[in-house]
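In what comes next, chain A is part of two complexes: it sits with chain B in the first one and with chain C in the second one.
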Partner chain A sequence: MQFFTPTPTLVGLRRSLKAVGKFARELFSRPPTAAGTLTVLFFLFLAVFGPQIAPYPDPNFQKNPSQEAPTLNLREFRLGDYPFGTDRLGRDVFSRVILGTRSIFRAAGLGTLIAVIVGTFVGLFIGYQGAWVDEIVGRIIDAILAIPALLLALVIIGIIRNLNFEPNSWQSEVADNAVLIVIAIVYAPIVARVVRSATLEIKSRQFVEAAQIRGESPLYIIFREIFPSVIPALVVEGALRFSYAIFLVASLGFLGFGARPPSPDWGLMVSENRGGLYALTPWALEYPAGAIALLVIGVNLMSDGIKRTVQKSG
Partner chain B sequence: MDKEILLHVENLNVSYRVNGGWLRAVRDFHAQIRRGDICGIVGESGSGKSTVATAIIGYLSDNGRIEKGSSIRFSGEELTTKGRLAMQSLWGTQIKLVPQNPAAALNPSIKVGEQLAEIARYHLGMNRHDARKAAVEMFGKVQLADPESVVFRYPHELSGGMQQRVVIAMALITRPRLLILDEPTTGLDVTTEAVILDLIRDLIDDMQAAALYITHNLGVVAQVCDQVIVMYAGEIMADGSVKKVFIEPIHPYTIGLLNSIPKLGQSKRQGALQSIEGSPPSLKNPPKGCVFAQRCPAAVEKCYTEKPELEHTHEGRLVRCHRWQEIHSGVLDIIPETQADVEQVERLERESLLKVENMTKHFGVRRSLMEVIQGKKPAPIRAVDGVNFGVQKGRTLGLVGESGSGKTTLSRLIIGLTERTDGEIELMKIKIRSNVRERSADVLAQMQMIFQNPQNSLNPYLTVGQQIRRPLMKLAKMKHDEAAQEVYRLLRAVNLQDDYASRFPGELSGGEKQRVAIARAFASNPELIICDEPVSALDVSVQAAVLNLLARLQEDRDTAYIFISHDLAVVGYLADYIAVMYLGQLFEVGYGHDLFEPPYHPYTEALISAIPVPDPSHVSQRIRLQGDIPSPRSLPTGCRFHTRCPRKIGAICETEDPPWRDDGEGHFIRCHIPLEDLQAMQQQLVMAEASS
Partner chain C sequence: MGRFMARRLAFFLVTLWMTSVMIFLLVRVLPGDVARVILGRDASETQVEAKREELGLNDPLFVQYFTWITDFVRGDWGESFAFRGQDIRELVTQRLVNSARLGLISMLIAIPVSITLGVIAGLTEGKLPDNLISVFSLSVVSLPEFVTGLFLINTVALKWADNPIAEKIGWFPSSSAVRADASFRDALPSLWLPAIAATLVLLAYIARLTRAGVIEEKKSEYVRTAVLKGLPYPVVIFKHILRNALLPTVTVIAISTGWLISGLVVIEFVFGYPGLGSLLITAIERRDLPMIQAVVMVTVSVILIANFVADLLYAALNPRITLN
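== the complex of A and B ==
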């Protein structure tokens, strides 16, 4: 036939697209999962288009500082005004909550992504190699896991912050993204563990042995034969890590180790508006705290749904 | 024949809810079981046999339901309308189930005696002391050696055969009136299976209970059952007494099944096996006519359009076929003439291909803390211990033995997936390295392997085409386009269409997957293929086709096989030479046809005697091996088989390694008994069997 015949790769691509579509359909068929996924997508949308949506794209825009006490008037709910009220410095809470999504997605999302990538490589490698490599790297991972995540995060941030870098050097760039790096460092070992155990299970399958008896290189076996079977476990673990990461980022912000004032970070906003000032501007604390809760619940529902879907489809 | 009908199933229809629709898994099922009878249900996987069992005991999974109009009467009582609570008292005392996997049925953290006594206390109202006594007594009845001490053991301390006895004891302690056995011997070795089957038969006769025996093994049915129901795709195909159904089968499916199993001693040189082509229909949209029509050699126009009714024959049998009368009267002969795919040969001997010398594998054992303190070194597990053999070009060496005999380890040593402790392998006169990673591509290309479970041996995320192309490019050094063409050639060689190349393994049936695995093994055109139980995971009807395929490919390509199986009949069909392995050593080596005639090694004799033969008129010689295979950590002294040997002659067996005895014609037996004496003894048994 001279006409177009689908090559195996194209067929494979179409099939995997189909598989993704089926996965999404199954995900949305369970109401809690659908709600969670929609919440996450909503926040993701805010993170991407935040500056375009927020009535006051400059997070530090202040109402005339000399003006009277801040207000929250729900009856006059109008975008462009102050739907969530203003904080004690007269900044629009609504805009700051919207703008805060970007920083949380950046630190938690990107951090988790790096953790997943690094963890996958390490886990695949030690799981396949086994023997002393697994023994040594495995023990190091165990040692890291023995330290509580928050404590470890605080220590690492403390170290990074205390290094005095020249402004605008690459090192200072690193220091600015300390939270992101911390997420990656704290969660990579956990992902590595999960991938390692999945690899160990798949390694014993006979298609891996079939690859060995035709003399395939370890790299080929790891990435072509084993990796695809690890993906389901990886997706589940990644989604779970993401929800923990959001929590960790918010906690760090709250403790003052995350973003520095005056940046619009949810954890930081909660921290700034608590204490004696809470009575004056309760909404300035409640809205960012609510946003954290909503996003964490959303991600949890989503990751739980992903887990069920993956387990169901085996 | 006028025994009381204990279980009467009429018009049973069971459906499962799958993806929003109802799947009719069992349709129009009938059965009558009388007291003291064992009724067998045979069928392939997916035939609905287990669904029938769970429906009868009212234990369907949540997505299953019994349709209206079904009736299950247990000694006059209707069970379908009973609730869970009412069923519970029946489950406890009247109807008992023996499941397939005894390890899963026992609580791992409670002593087996306690688990048994608990049933006696709860359902029979015994006190603690009496219940314990009843447990010991019951363990004695199921022939567990030393029942007083077994009651204090945990399930993991017992072997599979012993666990199954415990489960049977648990089922029988309340003297149930109906026993449902769901493949109770499938996970066991033939030698153990034979003993358990004898036990079941004796216990049922003794207690006058009725039993429903579910299995895929026709041999087992012939050995223990009185009645048999043959199921296919959720429907009864034939029903009747075992003698009638097996000796004068009138349904094409029964005939096909019986002919697809290799008989003991049947060889590939006598003719190909009669396989049932195709695969069972999907239950989602069952065919309009007969469910078996697509695979039936006698199907006519009517079979595709009109559903046959379950008819009564004059002998009180049931059959579902439009043409049974023609088959019965002999007008229609549906056994096709088959020609051997394999040529007769004058001489079996050919040039040597593979030579294995003194092959040894000792697995190290981790020392316990106590052993470290005492400075002791634990004995290694001697999985394979000094094995010598050779394989000739284009010939098949069959390797048989129970599980734990070391046959799989031996195959892995040869292919290089396990590193050997000692020994040499020569392939075409060249010594090859121990580890597969150190072997050159030329060596790898000459030696390939077909694994036991096709589910596991194909990567679920790569297409069939990709998986076959890889060895072509890697080992046969083909270019991409050339390899793509060769993939189609290989697929056609294993009777699959070209479009299978773009499918994923998940879309194939078990038999098709194994064909793909075979195509992949043949891709590099190897001189030797190691087949590790390649058909044991397949249904009987599919098994025959795969065996035929292996025989044909060997003939076409002149490839040698090392064929490993626990099934002597299968090995006997394919093998030119057979080696019998026990506890890491070979005990008998000979020509394939020699092995089924005396003299044979006492171990081989026991293996052959244990095979359930699908012929109810066959009287087995009843040589049963007692006990289990000893641990390879502490091997028996002298002859390793002496602990279980039915023909042990005395102290010499316990102290001295037996010598190899040679009949001068290539048949070797490793035993203290001279060949002439063995032959005389065994001939006597064979004669006795023939005259009975």
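== the complex of A and C ==
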């Protein structure tokens, strides 16, 4: 008899760790995917450690606001100076771009995560249940998806914002996180639809039938038998949603429906520095716009690579 | 074909109806007092109560919905709060026409260009032209509309002293803020730049799909037969490959109206063009609830009609669909 028998969960854990490792190795074997993933990781790093890295951790720091003319100091790239210049209010663009990563990752990343979790539950449930539940929820999802994501987001945020709440109440919390919540609302139905069709396909396989005959409960079948097979489709969809979410958060910020001034939000920075003053401080617009483009390209390359890897192994 | 059409029509109507319920609930039921929102913070309690009564907000919800939707179908869309006293329907149709002009011009540019790019990429799969086109369309798709829009304004349109490009081609105005009732001919010069920005939204989607279609058809048996039969390459491309490869493209063009409309919201805002998108943003900013409902309803109807037409077109071009 053995002294140590690995428990089933430990074996499962090790096996999934191995799968993740293999997945990561394959992901990094294609140069474009590797570049995209590294870009995303770089921005993620900035999002986590931004306040420690930025030369001016206070995004609204103004050095002698009254005297300071906008400056661009690229020739002498010294940290602690203004490598990306200052905007018209004398704020350091370099610091603000770094600090802005956190808000975009928070809204797009967390929003997508919530959308994926909610969408998975709904999709698994209606896919497995089928019949009239599927029919009704499916129609509701169709109706939501008929409204373009940006329009839906604008309307919801506009309405939430126009309501007056007591400060520090839960409603004002909701209003402050409107973008994050909207991302979740807009993308959960799409995820649900993808998971639903994957579930429909897996439901008819024999191992599910076997579990049904064994008399397992529906919950057990949904989460232990069907869910693992849905994961590949879910990973692909999640990555795709994340790239759309970043796009959407940036657009909302630009339109004035995202973070409020003076937050260092990329879309907001672009819209604050456009117009007649552009000729004065073009760099204050170019760097946040460039950061948005770089992050979206990175996420696109990464999600494209994830899709390829999943399709190859699955 | 008749049964197929009837089924699609039923689907279209059911979705439209459900969306109208959704829009209604979204605007009316989200926590908060609509009358208070309209009148602002300073209004007294009696004023708010009078407004509630006037708007029928004290009625049961399904009565409110029924009143709204019957009026809407009859063409009585009410008066705007924000644009004092103006008839919402007039305003919305005028802006819809403006947006449609912009959308049509961008489609007219986008479709030939993207199909050409897609066919070239598909025929040279894995080679240099294909890779170049892939990189181009990926970067175009990655740039938000406001970034490309501002880029165009600042490189092509703004005539600064030290901007040689803008000086050479000085005929693009940097703002498209024409009068909302401008005729097509008056509006045309200021349409080109926003149309190019909107084109970039569509380009990558259509090109990518065309490429996939061409690659798939290239591998098919009948194309191999045609090549082995000794038909000239152009004949094989145009008569055999493209006929089938462009089938899904037709659908995606119709379906991409949704993306185009989202893109137009941002582009109209950037260029100050008086379209449906900029109307929606104004309506939301000024808390004009009936206007918001009307704009979203019209937009959704346009998208659903486009999808419906896409289904019919696809079925007409590909009889195999209706047989199943």
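In this section, the second predicted complex is superposed on the first by the 310 of 314 C-alpha atoms of A that agree within 3 Å, B and C clash if a C-alpha of one lies under 4 Å from a C-alpha of the other, contacts with A are read in each partner's own complex, and residues count from 1 in each chain.
The rule is short, and it goes like this: contacts are C-beta pairs under 8 Å (C-beta built on N, C-alpha and C of every residue); 3 or more make two chains touch, one makes a residue touch a chain.
Keep in mind that this is a model prediction, so the values were computed, not measured.
Colleague: By the touch definition at the top of the document, which applies to A:R260: first (chain B), second (chain C), both, or neither?
Modeller: It touches nothing on chain B or chain C.
Colleague: Using the touch criterion from the header, give the chain among chain B and chain C with more contacted residues in chain A.
Modeller: With both complexes superposed on chain A, more residues of chain A are touched by C.
Colleague: Is A:R205 in contact with chain B, with chain C, with both, or with neither (first, second, both, neither)?
Modeller: Once the two structures are laid over each other on A, A:R205 reaches chain B alone.
Colleague: Using the touch definition from the top, say if A:P148 reaches chain B (first), chain C (second), both or neither.
Modeller: In the superposition, A:P148 touches chain C alone.
Colleague: Contact-wise, after the overlay, does A:P228 reach chain B, chain C, both or neither (first, second, both, neither)?
Modeller: Only chain B; A:P228 stays clear of chain C.
Colleague: Figure out whether A:K22 sits in contact with chain B (first) or chain C (second), or with both, or with neither.
Modeller: neither
Colleague: After the superposition on A, what does A:R14 contact: first (chain B), second (chain C), both or neither?
Modeller: Touch partners of A:R14: none, neither chain B nor chain C.
Colleague: Can A:G215 be said to touch chain B (first), chain C (second), both, or neither?
Modeller: Touch status of A:G215: first partner only.
Colleague: Please name which positions on chain B make contact with chain A in the complex.
Modeller: So the residues of chain B in touch with chain A come to 415-417, 436-437, 439, 441, 444, 447-449, 451-453, 456-463, 465-467, 470-471, 474-475, 501-502, 504, 517, 520, 524.
Colleague: Contact residues on chain A for chain C in the complex?
Modeller: Interface residues on chain A, with respect to chain C: 139-140, 142-144, 146-151, 154-156, 158-160, 162-164, 171, 247, 250-251, 254-257, 267, 270-271, 274, 278-279, 282, 285, 289, 292-293, 296-297, 300-301.
Colleague: Using the touch definition from the top, list the residues of chain A that touch chain B in their complex.
Modeller: 6, 8, 11-12, 15, 205-207, 209-216, 224-225, 228-229
Colleague: Once bound in the complex, which stretches of chain C touch chain A?
Modeller: Interface residues on chain C, with respect to chain A: 14-16, 18-19, 21-23, 26-27, 30-32, 36-37, 41, 138-139, 141-147, 150-151, 154, 158, 160, 258-259, 261-262, 265-266, 269, 280-281, 284-285, 287, 292, 296, 299-300, 303-304.
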